[in-house]
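Next, two complexes with subunit A in common: one pairs it with subunit B, the other with subunit C.
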Partner chain A sequence: MSLSVPRPAAPRARGRQSLVPYLYLLPFMLLFLVFVVYPVGYGFFVSLHRWDLLAETRPFVGLEYYRNLFDASTPQSQFFWNAMKNTAFFTVVSVPLLVATALGLALLLYRPIAGRAFFRAVFFLPGVLTVSVMGILWRWMFDNQIGLVNAVRTDLLGLQPVPYLSSEGLAWIPVIVGTLWWTIGFNMTLYLAALGNISQSLYEAAEIDGATAWPKFRFITWPLLGPVTLFVFVTTVLASFQLFGQTLVITSGGPNRTTQSAIQYITEEAFSNNQFSSASAMAFMFGLAMLIFTFLQFRIMARDARGES
Partner chain B sequence: MAAPSRPADLNAPVTATAYRPRRTPRDIPRFLLLCLLAIIFLAPMYWMITTSIKPETDVISTPTQWFPARPTLENYREVLTSPDGNILRWMWNSFFVAAAYTVLHVVLCALTAYPLARMRFPGRDAIFWFILGSMMIPGVITLIPTYLMMIRFDWINSFNALIWPGVAGAFGVFLLRQFFMALPKELEEAARLDGANSLQVLWHVILPLSVPALVTLAVFAFMSSWNNFIWPTFVVTDVDKLTLPVGVNTFSQRYVTDYGKLMASTAIASVPVLIAYLLAQRYLISGLSTTGLKE
Partner chain C sequence: MKTAKLTVLLLAAGLVGTTAAQSYKGPKVALTYLHGFTGADRPVMEKLIAQFNATHPNIQVKAQAQPWGTTWQQLPSLVASGRAPDVVVINEDQITNFIARGAVSPLTDAELKASGISKARFYGPLFKTADYEGKSYGVPISSVAYVMFYNKELMKKAGVTKVPTTRAEFLAAAQACTTDKSGKKAGQAGFDPKNLDTWGVSLYNNWVGARMAYAAILQNGGSLVDKQLNANFNSPQAVEAVQFLVDLVQKHGVARPNSTEEAELAAFSQGKVCFFPSGQWYLDRFEQQKMDFGVAFVPRIGSKQDAAWGGSSHLTLPKQRAGYDANKRLAALEFVNWMTQPAQNLSWTEAGSLPVMPAVARDKKFEGRPISGVFAKLSGIYATSGFPWGGQVLGPFDNAWANAYSGKMSVKQALDGGVSEANKQIEQARKTFQ
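For the complex of A and B:
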C-alpha cells in the first residue's frame, strides 16, 4: 500500500522464513512418524514373521498367518470368523436402533416443553460414564437371578427369571440395551442441533398448505436431516465395529464365545496367547474389512443423500 | 468455515415459536412419554446407588428390596480401603494421564495447524493430506506393533505408554486448521506490520481468537484419554499404575458377584465425570454439534 513502509533486507528474511513452517511441523511430525506411520509398517512386518517374545530368531513365514485365517481347520480361523460374525451381527442390529431411537428422542425434545433441559441432560448423562462402569452396571441390571430386569419380571410381573447372561443369543440383549443407553445421547445431540437449524418458515408454509405431521416430517424434516443422518450413521457403524469393552465386561465374550467381538479375539490371541504375528494378520484383515465397508458406505449414503434432496 | 456460527447453547431459543412457548393439550402425551423414558434411563443409576448402600444380604434378598431398608456406607468403606487396589489412586492416575495428554495434544496440534492454515510453503498440502489420511487407519492395526514398541522402549507399566502414542492425532490438526483458516487476515497483517514474528502472531492473535476451538479440542482429548479402555488394559498391569476404567474392571473380575462393592466402586468412578459434565456441559454439546454439522 504505502511506499513509505520500509522493507528491510527482504531477500534474507525470505530465505530464513522458508524454514519456519517446517520448524513448527517438526515435533508433531516426529511423533506422527514414530507412533502412527511406523507401526503400520512394523505391524505388517510382524505379521509376515513368526514373532515370539522369548525366541532369539523370528523367521520369515510370508503369508502363512493370513492363509491360516482361510483354512477352516485352524482354531484361529474358526474363532476369528466367529468373532467377525459377532461384530457384524452387533453392528447390523444396533446401528439402526441407535440412529432411529436418537432421532425419535430428538423429535420429542426439540420443540419447547416443560423440563426440556432436564430431559436432555438425562438422556445424555450415561454417555459420560466410562465403558467399564457402564458394563458392570448392565451386567448387574441383567443378572440372572437378582438383577433389576429379573426382579421386575418375577416380583412385579410374576414371570420366571431369564438367565440372560448365560444363554446363547439372549446374552446380546444386555450388550445391545446397554450400548443403546450409553451412546444414544451423543447421536440425539447431533440431531437436536440439526433440527434447530431447520427454518421454522418451511413448516409454516407447509401448514398453510394443510400439511399434517407425517408429510411435514417426510418432505421437510427427513430430507433436511440427510447430512446429519449420514454422519450419525457412519460414526455409529465405525463405533460398533470397535465393540470391545461392552462384551468384555458384560458377558466376557460368552457364553461359548457367542458375544466375543473381533477386537476382543485379536487381543486375546496377542496378549493371552502371545501370538503376536497371528494377531497382527487378523488386525490387518479386520482393518481391511473396516476400510472397505466404510468406503462402500460413504459412496452409497452420499448417493442417497444427493438423490433424496 | 468450522467456526460455530451460533452459540451452541441448545437451551437458547432458536426458533420463532420458542419465544412464545404455548402449553397446548397436545404436549401432554409428549411430556408423559418423556417422563417414562427418563425413568427408564435413570433406573440403572437408581439401582446402582441403592445397591451400593445395601448390606450384602439385602442385595441378594428375595423378594427384591426396591428401597434400601438398612442403608450403610460399608461397601464404600471397603472399596476405598481395598487391598486389591486404590480407587482414588486410579482416579488420580487417570486425571494425570488425561491432563498431560490433553496439554501435549492441544499444543502440538496448534503448532502444526498454524503453518498448515496460514503459511505458504512447498509441500504444505501434501503434508496436510498425509496427516489427514492417517485418520483412515483403524486403530486395531497399530495396537500390536505399538505394544511391541512399548516393550522395546521399556514403557510397559509406565505413564509414557499411556500418553505419547496418541499425542500426534490427525483430528486435532484438522479441527484447528479449519478454525485458523476462517480467521480474518487483517488482524494478522496488522500485527506483522507492527513487527511481530510468526510465533507472536500465533500467541497474541491466532490463539486468543481460537479459544472455542481449543476448548472443544481439549474437552475431546481429555474425555478420550479418560475413557480409554483397550490400550491401558494391556499396556498397564501394575495395580498402582492402573487408570480408573481398567482399575474398576479389575474389581469387576475380582468381586464377580459382590454387587454391593461393585456398585460402590462404579458410583465413586462416576462422580468426577458427572461433576465434569455439569461444568463442561455447554462446551461439550457445542463441540459435538459443530463437529457434526460443519465441514
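For the complex of A and C:
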C-alpha cells in the first residue's frame, strides 16, 4: 500500500518504503546465499585443502592444486587443458552452425509453404529427448560397423566404411551433427518468433523501390534480427561450453581423450579418481574462463544497445 | 584366544550364557540397509528382505534402494556425520577406495566366526575382493563375470567341434570360423581381412572389451598393479598376452578391426561370429532370441592359470560413530550371514547374478542351462580390486587397450603409456589416501 505513496511523504514513511523491496528480495537472497554463495565458497575452501570428507586431517595446501594445472609435468595440467581445448574447439565449430542453420530453417519455415506446421514440429521435437537417448541414437548412426552412415557409404556409394567413433578428429562428427539435430529447434523457434515481429510494410516499401530477395534480407531482416541473434549466440555459446552428455554417451571422451570435454574431465577427477580438491580447483579455473567470456559478451551487448539507441 | 574375544563380544551384547552363535538373541533392533539393486533385481532383493524380517522377529531390516552412484557420493558424508546406514552394499570397483578412506569397518575373524560366516563357503578370489592389507571388509552377495558366448550353429558350419580352452585351440577355431566376403579363408591367397563375412572372435574398443585384455594378462601371470600398488600392466607377461589379442586382428585376421561392442553384439546375434567374449549379463538377451548358443569360461590364452574378470557386490558394515549400539552390529552380522546362505544366494541368482559359492553352483536348477558351462571355473574370476585408486588405474588401462587394439600404437607403446599416466595419477592420489 505504501508503494503508491507519492514522493513528498513523511520521512518515517520513506523509511518503511525503502524496506519493502528488500523484504521482497529476502526469499531469493536466502536461496541465493544457501544454494549459490555457500557452495561456491565451500568449493573454494575445498580447492585450497587436501580434502577428503573421511580423512582425519585436511591440511591446508594453498594454491597447490591450481599450480598443478600450470605445471606441464602433471597429468592434471595435461588433461585439463586438453579438455579445455576440446571444449573450445566444439564451441567454435558448433556455434556458427547452430546459429546459421537455425536462421536458415526459420527463413524457410516462415514462408507459407505446405506442411509448414509439420516441418516445424519435425525440427523442434528432437529437443524433447534426453541426452542419453540422443547420444545412443547418434552412436548407432555412426557406428564403425553397423551404423546407418557407414551402411550408406558401403552399400549405396560403394565406398570404404569409416571408423568415425574411434578415429581422432572424425569422432567429433557424430557429436556435432547430433548436437545440431538435437538443439536446432529451440534456436529456430526464437528466430521464427522474431521474424513474426518484423512489419510487412517494410518489405512492401522495399518492393516498391525494386528490392529483390537478397537486399531485403540484407537490409531489413538481418538488422532487425540483431537482438535475437545476439541472444541466440550468447545462449548457444554458454550451452556449448557446458558440453558433457553428448561426448560422454557417443564417444566416452575418446579416442584418447580427443573428445573429452572440460566438465567431463572435472567429473572424472572428482568421482572416478576421488580427487575432490583437484576437481574443485579445475572447476574454478573453468568458471573463471566462463566469467571472462561472459564479461566480454556483456561489453559487446552494451555497445550494441548503445548503437541502437 | 578366540573364545575369549567371543565371550567379550557376547557380554558386550548383553547375552548371557548363549552358545548358539548363528542367531542373534539380543533385544529388538531396527537396521537400515542401503543397496543399489534398483532394476529387475530389486523385487528379488525385497522378497529376501521380507523373508528375513519374517523369520527374525527381533531384527527389523529397513531397506533403501537407490542408484549406486548416489550411494558413492553420499556414503562419505553419511559416515563423516555419524549417520551411516547399518549395512551398505558396495561394488568391487569402489570397495577398496572406501576401505582405504576409512568408510568401512573391518570384519574380524572372531566376528565372522561368531556370526557363522565362513570364508570357505565362498569362491576364494571373490571373498578376497573386499580384503585390504590383510583384513576382510565385506561378504560377497552378488557376482557377474566375463565369459565367452559361442554360436553352436556357426561353429558346426565351420567344422569346429570342441569349445576351445587353450591358446592353440582358440586360434585354430577362430581361423576355421573366418571367411571373407568372397568366400576365402584366412591364410588363403587374396584373403581380405577388412571385409569379413564371418569371423572367429569379437574384440572391441570400450571398457568391456578391455576386460578381455585383463583376463589374458592375469592368465599369463601378470597383473594390473604391483605389490606397492603402482600400475604395472606393461610387464613382459602383460605385453605378450595383449599382443596375442591384437595379433588376432592384425596378423591372423580373425577379428574385426575398429569394432564397437554394439556392432559385435549385433554380429553375434546374427550368426556372423563364433566367439563373443563379454559380460554374462547378455545371457538373458540371447536366451530370449532363442539362439543356439553356449557359454564357456574365457579360454586360457596365457600360460599360467585360468582367469577372467568379474564384478561383484559386497555386504559391508560402515564405520559408525562412537557409542554405536553393539547389538546393532551383531544383528547386522546375522543379517549378512543369513543373506549369504546358499538358500538365499540361490534365490538371488534369479536376479541375474552368478553363484557366489560352490554349493549353489552345484544346484540341480542349473543343470542343462547354458550358463552352467562356466561354473566349473568360477573360482578363477578376479575383480579389479585391491588398490584404492581404481579410476587412476582402470581409466588408463582401458585407454591403452583401445590404442593397442586400434593399431594406433604398438602394444608395448600403448601399455607403457597407460602405466606412466596411471602412475603419475597414483602419485598424486597417494597424498590424499594417507
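Following the convention adopted for this analysis, the second predicted complex is superposed on the first by the 267 of 309 C-alpha atoms of A that agree within 3 Å, B and C clash if a C-alpha of one lies under 4 Å from a C-alpha of the other, contacts with A are read in each partner's own complex, and residues count from 1 in each chain.
What we mean here is this: a contact is a pair of C-beta atoms (placed from the backbone, for glycine too) under 8 Å apart; a residue touches a chain by one contact, two chains touch by 3 or more.
Values in this document were obtained by computation on a predicted structure and should not be read as measured data.
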Joint occupancy of subunit A by subunit B and subunit C, clash or fit: clash
Contacts of A:275 with subunit B and subunit C, given as first, second, both or neither: second
First, second, both or neither for A:296, with subunit B first and subunit C second: neither
Which of subunit B and subunit C A:55 touches, first, second, both or neither: second
Contacts of A:143 with subunit B and subunit C, given as first, second, both or neither: both
Partner chain in contact with A:267 - subunit B first, subunit C second, else both or neither: first
Partner chain(s) touched by A:193 [first = subunit B, second = subunit C, both, neither]: first
Partner chain in contact with A:105 - subunit B first, subunit C second, else both or neither: first
Subunit B or subunit C, by number of subunit A residues touched: B
Partner chain in contact with A:63 - subunit B first, subunit C second, else both or neither: neither
First (subunit B), second (subunit C), both or neither touched by A:284: first
Of the stretches 63-71, 207-215 or 405-413 belonging to subunit C, the one that collides with subunit B: 63-71
Set of subunit A residues, in rising order, touched by both subunit B and subunit C: 51, 53, 139-140, 143, 145-146, 271
Subunit B to subunit A touching residues, read off their complex: 8, 10-11, 13-18, 21, 23, 27, 30-31, 33-34, 37-38, 41-45, 47-48, 51, 59-60, 62-64, 108-109, 111-112, 114-116, 119, 121, 124, 127, 131, 134, 136-149, 151, 164-168, 170, 173, 193, 198, 223, 226-227, 229-230, 233-234, 244-246, 248-249, 252, 259, 262-263, 266, 269-270, 273-274, 276-277, 281, 285, 288-289, 292-293
Of subunit A, residues touching subunit B in the complex: 5, 18, 20-22, 24-25, 27-29, 31-32, 35-40, 42-43, 46, 51, 53, 105, 108-109, 111-126, 128-133, 135-141, 143, 145-146, 148, 151, 154-155, 181, 186, 189-190, 192-194, 196-197, 200, 227-228, 231-232, 241-242, 244-245, 248-249, 262-263, 266-267, 270-271, 276, 279-280, 283-284, 286-287, 290-291, 294
Touch list for subunit C against partner subunit A, complex: 69, 72-73, 76-77, 79-80, 97, 101-103, 194, 205-206, 256-260, 262-264, 266-267, 389-392, 395, 399, 402-403, 406, 408, 421, 424-425, 428-429, 431-432
Contact footprint of subunit C on subunit A as seen in their complex: 50-56, 68, 74-76, 139-140, 143-146, 160, 163, 165-166, 252, 254-257, 268, 271-275, 277-278
